[in-house]
Every structure is written in C-alpha cells, then in structure tokens.
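The two complexes that follow have chain A in common; it is paired with chain B in the first and with chain C in the second.
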Partner chain A sequence: MHELKITMLGPSGVGKTSLLTAMYEQFESNIGKTNLQLTPDEESSAILQERLIELKTLLESFESTGGIEGTEGEPEDLKFFVFGLGKKGEKPSVQIKFQDYPGGYHAAKATPEKRQFVKNLMTECVAILIAVDAPALMEQNGKWHDVFNRPQQITDLFKTAYENLDSPRLVIFAPVKCEKYLQDETSAKELLQRLREGYTNLLDLFNSSALLSKVAVVFTPVQTVGSVVFSRIEMNSNAPHFHFRKTTHFAEYNPKDSEQPLRYLLRFLLKLHLDQRSQGFIGLLRNLFRRDSHFKVAVNQFAVGCKTNNGFAMLQGEDLLKVN
Partner chain B sequence: MAIYVQSRGFSQDDDYCWLPEVPPIIRENRVNDLIQSESFSVVLARYSKKLLLLITGLTAQERTDFRGRKIRNSVAWVLEDSEASERELRAIAASALRDSLATSIDNAIKFGGIHGFEVAWDDLDQLNPKEVCNFSTILDRKIGQNSPTLRDELAYELEECPLPPEKGALVVVTGIKSESALIQAGVWRGLSNLVQAEGWKDPYKKSLTSEAKKQLIIPTKSKNNTLVFLIVSIAIVVVAIALVPLLLKPKL
Partner chain C sequence: MYEHLAKYHTHISKYRHLLREASPRRILRDEIREYVAQDTPDGQRIFFNYLAVRQVKIVCDFPNADVGQIALVDMPGLGDTGVGDADRLMKTLGQDVDAVLFVRMPKSSGDYWADVDVRLYDTAHAALVELPIALWSFMVLNQTDSNSKNGDNFNNCQDLAGDIANKHIQVKECITANCAHPQEANKVLDRVLDYLTTSITNLDREYAASCQERLLQLQNEVNVELEKSRQVLGKVTQTDSWFPLFEQLFEQTWNNLTSGLEGLLRYLKERRNSHNLDLKQQVKAAIQACRKDTGIPNLEQIEKRRDRVGGYPNAYYEYLHEIRAHLSQHFLLLDEGLKRSWLYVKSQLANILIEQGLGELTDTRGCQFLNDIANQLPESLPKLKLGFQIVSEFDMSYRELIQHRIRKQLDGLTPDETPLQISSCPSATEILANLKTLHAEAVYGCETALENLLCEPSQAAFAIVEEFVDRVLRAEGAKTEWRILLEEVRSFVWQDEFEELGDRTRLRKDWFDSIDKVATANQLNFMQFLN
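Right after this comes the complex of A and B.
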C-alpha cells in the first residue's frame, strides 16, 4: 500500500500534539463530505480521543497555563498514528502516518541520536506542519518568539533536510492558540506579517531557486480550543508564564479553522497519491477508466474550502496541490 | 539492584529523559512497544536472567513544566533473577497497582541538577513494600480491561503467587494497547483499556503465528484485485483493437 508520512515540527510545549488532536477532531466532519474515508487504527484512534478529552478539559477552569500532557519517549519507542485513506466502503489505498515526537529533541541537551531522528523524519516526511506558539510570536513585540519557537534552529534543520530535494513537499505553518489574533481583519493581517518576519530566513530558503518549484508553503492559523484567549504573561523565577482565560464562564470547546491545515494536507497527499497511481501501464488504464475519479473530486472539494485570506495564505507551490 | 528514573525538569530544555541512562534492558527488548508509556503502566518481565519492573506514568504531585503541565515519573528496577528479587519486585508492583507508590516515588524526585531533576536514589532503594507469599502459580494466561477491580485482583495475585518461570513480558498493565498486542506478546497477565470485557477474559494460548497469518491475507486480496483489474482492462483493450478494423471496414 502506498504510504505517506507526515510530522509536526516544534520545540517542547509549542503545541504539536494539540495541533494533531485538533486536526483529528475535524477528520470526520471534513472527510465525511467527500466520497473518501479515513480510518485510524485502533490504538491511534483511542490515543487521539484521549488527547481530545484532555484538550476539552482545559475549559473546566476559567484560567489556565498548561496544555495537554507533554510527549515522552526514546526515538525507538515512538509510534506513528496510522490512518488508512480510500474510497468509502472500500479497502484503503493509501496509508497516512503521522509522527509526533517530544519537542525536547530540539533542545540543546538532546542526544545526537534524538537530533538525528528529527533530521531523518524531516527527510522522509512528505509534509511537515510547523506548530508555532502564536502568543510567543505576538505578545511583547515577539520577545519570546526565539525562545519558544526557535525559528533559526528550525531553518537550519530544513537546510539539511531539503538539500538536493528531489520530490514535492508541503510545509504548513500552523500558529496555534490564535484565538486572540484572529478577532478581525487587522489583527489577522498583523499575525500574517509577524509570521513572515519571524520566519524570514526559512521563507527565503523555501523561496530559493532550488526549492521554489518543489516546496508548497501555506500559513494556516488555528484556534485550538476556540473559547480560550491569551490573557497575560507573568514572570516566575525569570521564566515567562503565559496565562489563558475563557471568553465567558460558560464557554465551551469550540475550535476554529483546525480543518484548514487538514484540507491543505489532504489536497497535497491525494495529489501525490494520484501521481503515484498514474504511473506505468496500470496507471494509464486507471486514468483511461477513471478509476481514481473519487480522489480527484475530493481534492477539488478540499480546495474549495481552503482559506487564503484573513491570516491564511498560500505562499508558494499552489501547482503542487492541483490535479488535472 | 539497578534503578533508573525518567522525569523532566521545569524549563523547555529539560524535557523527559532517563537517569542515569535509558535502561538497556528496556531498549534491547523493546518493552515500550507493549505499553502506552504516558499512561500509568506496570511491566514485570524476565529477560536474560534478569528481572525488570517498569512503572510509568506516575503523575508528580506538585512539579509542573514551563507550560504548567503536570510532570510524569517513571521508574525501572532491574535485578538478577532470583526468588528474593522476584518477591521484592512483585511486592513493589502490587503496591503500584494499589496506587500506594506514586507519592513515595515523587518525593524522591526534585527539580535541580544538569538534567533539570535529581533523584534521591537511596529513597527508591528503601520503599519497604509489604511481604509477599509464594503459593502455587496459576499458569493460565489471562487478559482483561484495565479497571480498579482487576488491578486490585492482580495486585493480590502478585502478593500470593510467584511469576511463571518463562522469559519475556509476564505482567503488562497499561492504558491504550490493543488486545492483539498483549496476546501477541504472550503476557501471563495483561490489562489494557482496549480489552473489551467486564472481568478477565477466558484464558488464551500463546500463539506467534496469528498476526503473521493476518498480515499474509491482506496483501493477497489486494494483489488479486489489482490482477483482476489488469486482466479485465487488457481484455477490453484487446477487444477494442480487434473491433477497430471491423468498424472501419467499408460497408458493401
């Protein structure tokens, strides 16, 4: 079965697991509208469901500082979240594997083995979601962006991983905890601008002649919980504590735009899958008899709902997401 | 006795790590494949004349990380395989299953040091769990849902009976792990949230081939579908080619 790997990228506590969980919550409602089905394996489904409950319990208290529990494990222990994707009622034809990992692998103290793990992962994954801590990027003039999001370290990782790149890739910048910054058009524009400034070197790398035609780049801000907004930063033992509060006492879990990275992701993955399936004589016959039309229709359906303004942007490589 | 502790410090740089090192026995035998390490898990295993007790997912009482997230502790004890060692580890495992170990372990771990946390190793060496007995073991392999009742029953069994003499993972208690994974590992006693049963399920027999059989069946079906599609497609193309001259032939 065709296999496509995806990973999240970001230092510890940025929100990689929360992003994956928020996207998982949208799987059914988005894919259910197409003629496709995405089927998680038993353990992946149960773990993500557990994380989702944890994300929802953040709303039990009016004010919070924490997120869902941190990820742990040695490289050899980490497991993929596995999903089968295919036509409804049929056996999946492509396997999608999401790899989450502890953000501590980016830390200065990380062992060479852990650093190598991240490098290998970036090389083998066709799509990478960069989780960006939006309050760190936006608050106090971005004072904490370098500390929490480590943009230069991430740029350096891409420099190595995308050397001599010979196949298409998708990179999604997904700022999380964006509730405060998507209130209106002006704040959304500011978020977009800060993202461009905060990741200038990385965007320049993607925009280089060697990568421009091979790497699609998208900005998709996500409101992970929807009803919890950033409130203030308190310093405690020289370390900043980001505080969040509910919009009202009765506010419920109501994530927004968490389907956006998923839509872009599925467009790209299905395009890759279609390209793979159209190769050779069998591929020719498949095209002749329109055996993969359900995939093509789905790509176009996902494309229709992809946002490209008010904080969202497709920076380059739109052709890499289009099917003929 | 070798003791290993996994926890984390407060700062972003001090993420989860094992001290003094990743227990080689866990790495070599891929013990973490049997558990969801972030949830409360207990593993008792025998590998290469050594006994392992691994307890994971013990939530710290007060320590939180830089994001305010509760920190988790894990501990591994590795002892030479002997009756005395086994009794000691069974007693600690039973105590963990009864939820009366987390505080003592947490009290032995503090923020500080180059990894962000430090361990009072002597405190972990002297947990003094209650004495266990050595009545005869019921050798049947059983799995069940990870519930307080079954955890308590298992704790009682560990306090009463020795482990079976075989090698491998003998006891696995964890959060999310499929029933088939526990059976595949041939555990003597296994509890997981994914086992669908009220109490213990009926004893099972160790089988190493069931998964392999399953894996063999799926690709065959897929191959057959592709083959049928290919044959039908070729047949249609051949018929089409054969029909072209007939269709193009001028009518008399």
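Right after this comes the complex of A and C.
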C-alpha cells in the first residue's frame, strides 16, 4: 500500500494528538456523503482511544489547566499515527502516516546526526503540519509565543529541510485550542493576522523565489474540543498556567473543522496528480488515482470542502490546490 | 466720659435684659418717661432704661394739620449726654434737620451766657458748614413766672437776649416765651414754621450751591493729587543701552528655553514607549487587591440569596453586578499613580521655565506655577496663553485615561453580555464556579489590558508637552510673543540688569491704569448737579 508521510511539528502538549483524535473521531460526521473512510492502525487506535477518553474526562470538570511539559524527546521516541484511507467498506487505498515530532530535535543542543535525521524526516514528507498553540500566540500580546511555539526554530528547520526542494510541498498551520478566537469573524481575522505576524520569518522563507512556486501554505484553525475555551493565564512561580473552561457547564466534546487539514492534504495530492507531476512520492500517487478512479472521485468530493473563511485561508500556492 | 461709662457699668443689671430684646421696641405712651428720662416727675432717680436706648421716636397727631408733618428732634442736653451723644447731635443736625431751636431757661437768680452755651452753639455750627447756622436756628429763652420752681426770670431773659450778639451766638431770632404755656409754645413754633415756609426754598438753594461748590473744590483737589500721582514714579529713562541689553538677554533666554524644552521633549520621547513605573506599581497593587478581595459569595450565601430573590438566575445576575462593581472599585487606586506621574512631568516642565527667570513672576511652583502663568498671560499673547492653558488644564486620571478602556473586560460580569449563562438546572455550585471563573477572567482581562496601557501616561505626557512646545516655541509668531512678554516683565526676570522700580513696567502699567480709573470717575461733569 502507498504510504504518505506527514510530519507534525509543534511543542509537546500543544494538542497534536488531540488534533488527530478529533480528526479521526469526527471524520464520519464531517465528510458528509463522501464515500471515504479513515481507519487507524491498531497501535494508533489504542493511543487515540486513550486520548479520547482523556479528553472526555477533561470535560467532566468545568475548568482545566493546560501547559507545556517540555518533552525533550529523542528520535527513538518518535510517535507514529497511521491511518488507512480508502473507500467505505473496502481495504484502504493509501496509508497516511503522521509523524509526531517532539520538541527536543530542534533544541539548540541537537547534534549534527539529529539535525540530519530531522532534515530527512521533513524532506520525505509530502506535508508538514505545524500545530500552533493559539493562546500562546494570542494572549498578552503574544508574549508566550516564542517560548511555546518556537517559530524561529521551526523556521530554521525549514531552511535546512527545504533547501533544494525538488517537488511541491504542503505546509499546514493548524492553530489548536483556538476556540476562543473563532467566536466571530473579527476575532478570527485577528487570529489570522497574528499568525502572519508570529511566523513572519517562516512565511517570508516560503514566499522566497525558490519556494514560492513549490510550497502551498494554508491556515486551518481546528477546534479540537469545541466546547472548551481559553479562560486566562495565571502566573505560578513565574510560570504561566493556561486555564481553560467549558462554554457551559453541560457542554460536551464537540470538535469542529478537525477534518480540514486532511481535506487540504488530499486536495493537494489530487492536484499534484492532475498536474501529472512525477517526482518522488508523486509518482506513487499517479498510480494510485489512475488505478482507482472511484477513490479519485471521492477524494475530489472531499477536497472541495476546504474552508477559506473564518480563520481558514490559503496563504500561498493556490495553484497547487486548485482542483476544479 | 469715665463717669458715663461707670454709669453704664454700675447699672448694667437694670437694663441688660433690654439689650437682649428685639429692636425697635414698641412701648405705650405712659411708659415713655421710664425709657427716656433719668428721674420720675417727683425727682426720684430710679430710671435706667434710657441707657439701653439709642433713639426714641414718638408719633402723635399734630393739631395743626395744615402745616403738614413735623418732626421734633429732642437732643440730650449738653453736659449730661451719654456716650456718643455729641457725635449723634452733629450727625442729626447735619443730615436730618431743617431748623434748630436752642432752648435756654435763664435762672431767676441771675444768669449769663456760659461756656457750655457757646460750646453747644459751636457744635451745632460745625455740623453744617455749607449753610451758616444763623440762617436756620432760633434761640428760645424759656421765661418762667414767679409760681414756677425757677421763679420769675423775666429780667434775666431780657439780659441774655440783650447780650446774645456779644457772645457771637448768631441765630435768626431770639424769642422769649413761657414754654409751660401751650399757647406761647405754639407761638414759638408758628414763628419758626412761618420763617421756614418763606425761606426754605432759598435755604435749600443756598445749601445746594454750597455743596456744589465744595464738591467742585474736592474734584479739583483730587485732580491735583492725581497729577502728582502720575509723576510719582518718575519718567522711564529710556537710555540708549536699554534695548541692546534686553535683546542680548532675550536671545540668551530664548536659546536656553528652547534647548531646555526640546531636551525635556527628547527625554519624554525616549521614554514614551516604556512602562510608567508609578502606574505599573499601582496596577500591581490593584490586581493583587482584586485577587485577594473578590467579593465572591460562598455556597451558603448563594443559597440564602436564592431564597431571598426567588431563584438561582436572579441571584446569579445580582451577584454578577455586585462582583463587577466590587472589582472595578479596586482600579480607582490607579488614579494616584497616574496623577503622581503627570505631576512629575509638570514639575519638570515648570523647573525649566523657572530656571529661565519666569519663577519671579509668581511664588508658586510645580503645576501651580503653570496654572498661574496661564492665568497671568494676557489675551494679547494667544499662542503662549494657549500653550500654558493646554498643559495646565490637562489632567491624567483613571476615569479619563483608563476606565473606558478596561470596561470591556468587565463584560463577562454583565448579565446581558456574560459568556457564561446559567444552565437550565442551576445550582449554587454552578453559580459559584461561574462567578469564580468570570471574576478570574475579568481580572486577567484587566491585567492584560492595563499592561498594554502602561505606556499611556508616558505617551500622553509626551503628546501634551510636545503640544506645549509646538504652541510656545514652534508656532509662527511664538518668539515674538516671548519677546513682548519678557520685555514687559524684564525687571522681574532680569532684576540685576534692569532698575527696580523705575523700570517695573508692569507695576507702572497697573499704577497708571488705576490713576486713569480714578480720573474717569472724577470728571467735572459727573460732579455738576446744579444747572
């Protein structure tokens, strides 16, 4: 089976696993009449199930505290989440592998070997998902953004990884815990604006002449729980504690737009196929869609549902995402 | 005089009660004597009420209705008068009286014009200098017969009447009459009235002419004094060296003023984006107070409130209002920090101006100095006046600068705006959790918003001082206004260089203004009341 790799960048605890949990858990209800199904492999399923229980337990109390436990992960600890994607009731046509990429790799102390490892990881991925801690970006004029989201380190990673890029790539910015900022159009616009400001250097890199035509950049703010909003930051021993609360006392787990990153991903892949590109992993895709035209139709249906308002946006590379 | 006072003192217990009563006091005819006389008809000295009496007005029907209204003013006899009676006599004669009757009862045993008589006449004479008392006074010699206590004094009356001219007691007429007989007394009155009827117009005219003359004389005297006043400060000696010296000093001051003010402005500009430490400190204290003193009720209190107001939602909404009000009051603390920092900037500004000599224009310092200068500047120096008004009238207060900008953060604690509406099956626990969360969010919101405002006082101070500098230094014509101002106050600003009094232009101006005002009031046509 074809395997597509996606790297997830972002600090531990930011909500990457929650994002995948929501994507998987809500997939059925979000895809509408599209004839697709998403199936995690056994190990991934166990982790996601566990996380789902955690998330729902979290919702039993009115308030909760979030924070970053700076996991200095090692390459061996690398977590994979593997999903099969295919037509409903059939064997998956393609395997999508999300690789969680703990913060430790991009710490300053990383050895040249580690750096190389990361570079390879990122280079072989068709898409990179950057999970952004939205409260860190938005609150208190973004004073926690650098500490939590490490935009400069991420920029440096891309500088190395996307050097001499030979084929198009998709970069998905996925702000998480962003429920508070998607309450109305004005605050959603502000989120978008702050994202642009918070990642100026990275966006400038993508916008450089060498990468502009090869990198599509999208913003997909995902409400990974839906019913929990950021409440406040309280300082405790000089460390920020991010408090969250439910929107009402009886609110339940209700993620929103969690399938959007996947929609963008498939749309990107479909477009690559349509453009008859053949470099690297794309050659595999061509075979995939050619062999399985029903799957291609389903993917097409699914892909057109990409949102482009209320915080969602295509920042560059629209051509790489144009399917109709 | 001492005896008079001793009498007041000795008998105070007898008349003190009258002093506490309302005045005037109305009394019956039978009581008149005990208020005006010292003795009873039979000579007993038991009356002391008169000591508390300033004036007695006796009103009665006058049989001679054709004459009109007549007032008889009976003055105390000379020699036995009370305190101030002599003054009162003068005043009454000078202002209220048309004719004077001097009444004298010569002793039958032999009498003569004594000093006391002459003194009384002189006193009366002095009361009205404009009109000789000879034209409006009569001497009445009270003739008594042999049946009276005094005995027959007819001859003595003759003697005195004959001798009156020798004593220079000049009266219109000397009349001898037995005043104990009403008919004779009436005759005296008739003669006086007849005289007045025929002469009063002439007397008035003469009196008015005399007053007019005195007034013109006075006006003339005032003019002479005013002319002297105009000269008293001497003439300004505009020496050749005056203007170059002023110009030199002015340029120097102008340079110092511009570099001082521009320097302050640079200092404020550098700091305009940095946090104001006074405000930061107050914000920290206010936020701590908010967190410590939340005003959030406990479960028991919520239950009680629910019972009292008839439901959890009602209790919830009430608590939202209360907690919001409780929270916002903590921010009033910020006022102090804001005011302190603005006062500091004002005093920096004031010091620059004071160092350049403007401190000599007022004794006040700091912000009051700026207020005083703003008030002192004349309208004819509009740019300077506006500049000083802008800076002295601007105030930094919590209400003006901050309140409206953090108000939004309290929306969560406003029933219609709150994001946490109460559920359909509410409980005290839910209310408490909501209140705690909303309170904490409001405090966090305020803290964040205030953090963004910490530069505001510095920015506002910079803006206002820049506005001031624009008005007083950079605006077209500003330098000219400074030149005019400093030229006027040069003897204050550069005391060593310019003479003290002769050159105190402002003082001179005030002095001449005052003289002009008096001269305007003293114009001849204002004094002319007779055509």
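Keep in mind that, in the parts below, the second predicted complex is superposed on the first by the 252 of 324 C-alpha atoms of A that agree within 3 Å, B and C clash if a C-alpha of one lies under 4 Å from a C-alpha of the other, contacts with A are read in each partner's own complex, and residues count from 1 in each chain.
The definition used in the following text is that a residue touches a chain if its C-beta (ideal position, glycine included) is under 8 Å from a C-beta of that chain, and two chains touch if they have at least 3 such contacts.
None of these values were measured; they are calculated from a predicted model.
**Q** Have a look at where A:Glu139 lands relative to chain B and chain C in the superposition and call it first, second, both or neither.
**A** second
**Q** Output check: A:Gly13 vs chain B and chain C. Expected answer is one of first, second, both, neither. What do you get?
**A** The answer is first: A:Gly13 touches chain B but not chain C.
**Q** If you stack the two complexes on chain A, which partner ends up touching A:His249: first (chain B), second (chain C), both, or neither?
**A** A:His249 sits against chain C, while chain B stays out of touch.
**Q** Going by the touch definition up top, name the partner, chain B or chain C, that contacts more of chain A.
**A** B
**Q** Given the touch rule stated above, what does A:Glu185 touch, chain B (first), chain C (second), both, or neither?
**A** After superposing on A, A:Glu185 lies clear of both chain B and chain C.
**Q** In the superposed arrangement, does A:Glu42 touch chain B (first), chain C (second), both or neither?
**A** Once the two structures are laid over each other on A, A:Glu42 reaches chain B alone.
**Q** Give one of first, second, both or neither to describe whether A:Ile233 is in contact with chain B, with chain C, with both, or with none.
**A** The second partner, chain C, only.
**Q** Just which bits of chain A does chain B share with chain C as contact spots?
**A** none
**Q** Name, in rising order, each residue of chain C that touches chain A in their complex.
**A** Touch list, chain C to chain A: 419-421, 423, 430, 433-434, 437, 440-441, 443-445, 448, 451-452.
**Q** Chain B touches which residues of chain A in the complex?
**A** Residues 1, 11-13, 42-43, 46-47, 50, 64-74, 76-77, 91, 102-105, 107-110, 147-148, 237, 239, 241-242, 282, 285, 288-289, 291 of chain A touch chain B in their complex.
**Q** Any idea which chain A residues touch chain C in the complex?
**A** Chain A reaches chain C through residues 62-63, 139-141, 229, 231-234, 243, 245, 247-250.
**Q** Enumerate the contact residues on chain B facing chain A in the complex.
**A** Touch residues, chain B against chain A: 6, 8, 10-18, 22, 27, 30, 32-33, 36-38, 64-70, 72, 115, 175-178, 181, 193-194, 221-222, 225-226, 229-230, 233, 237.
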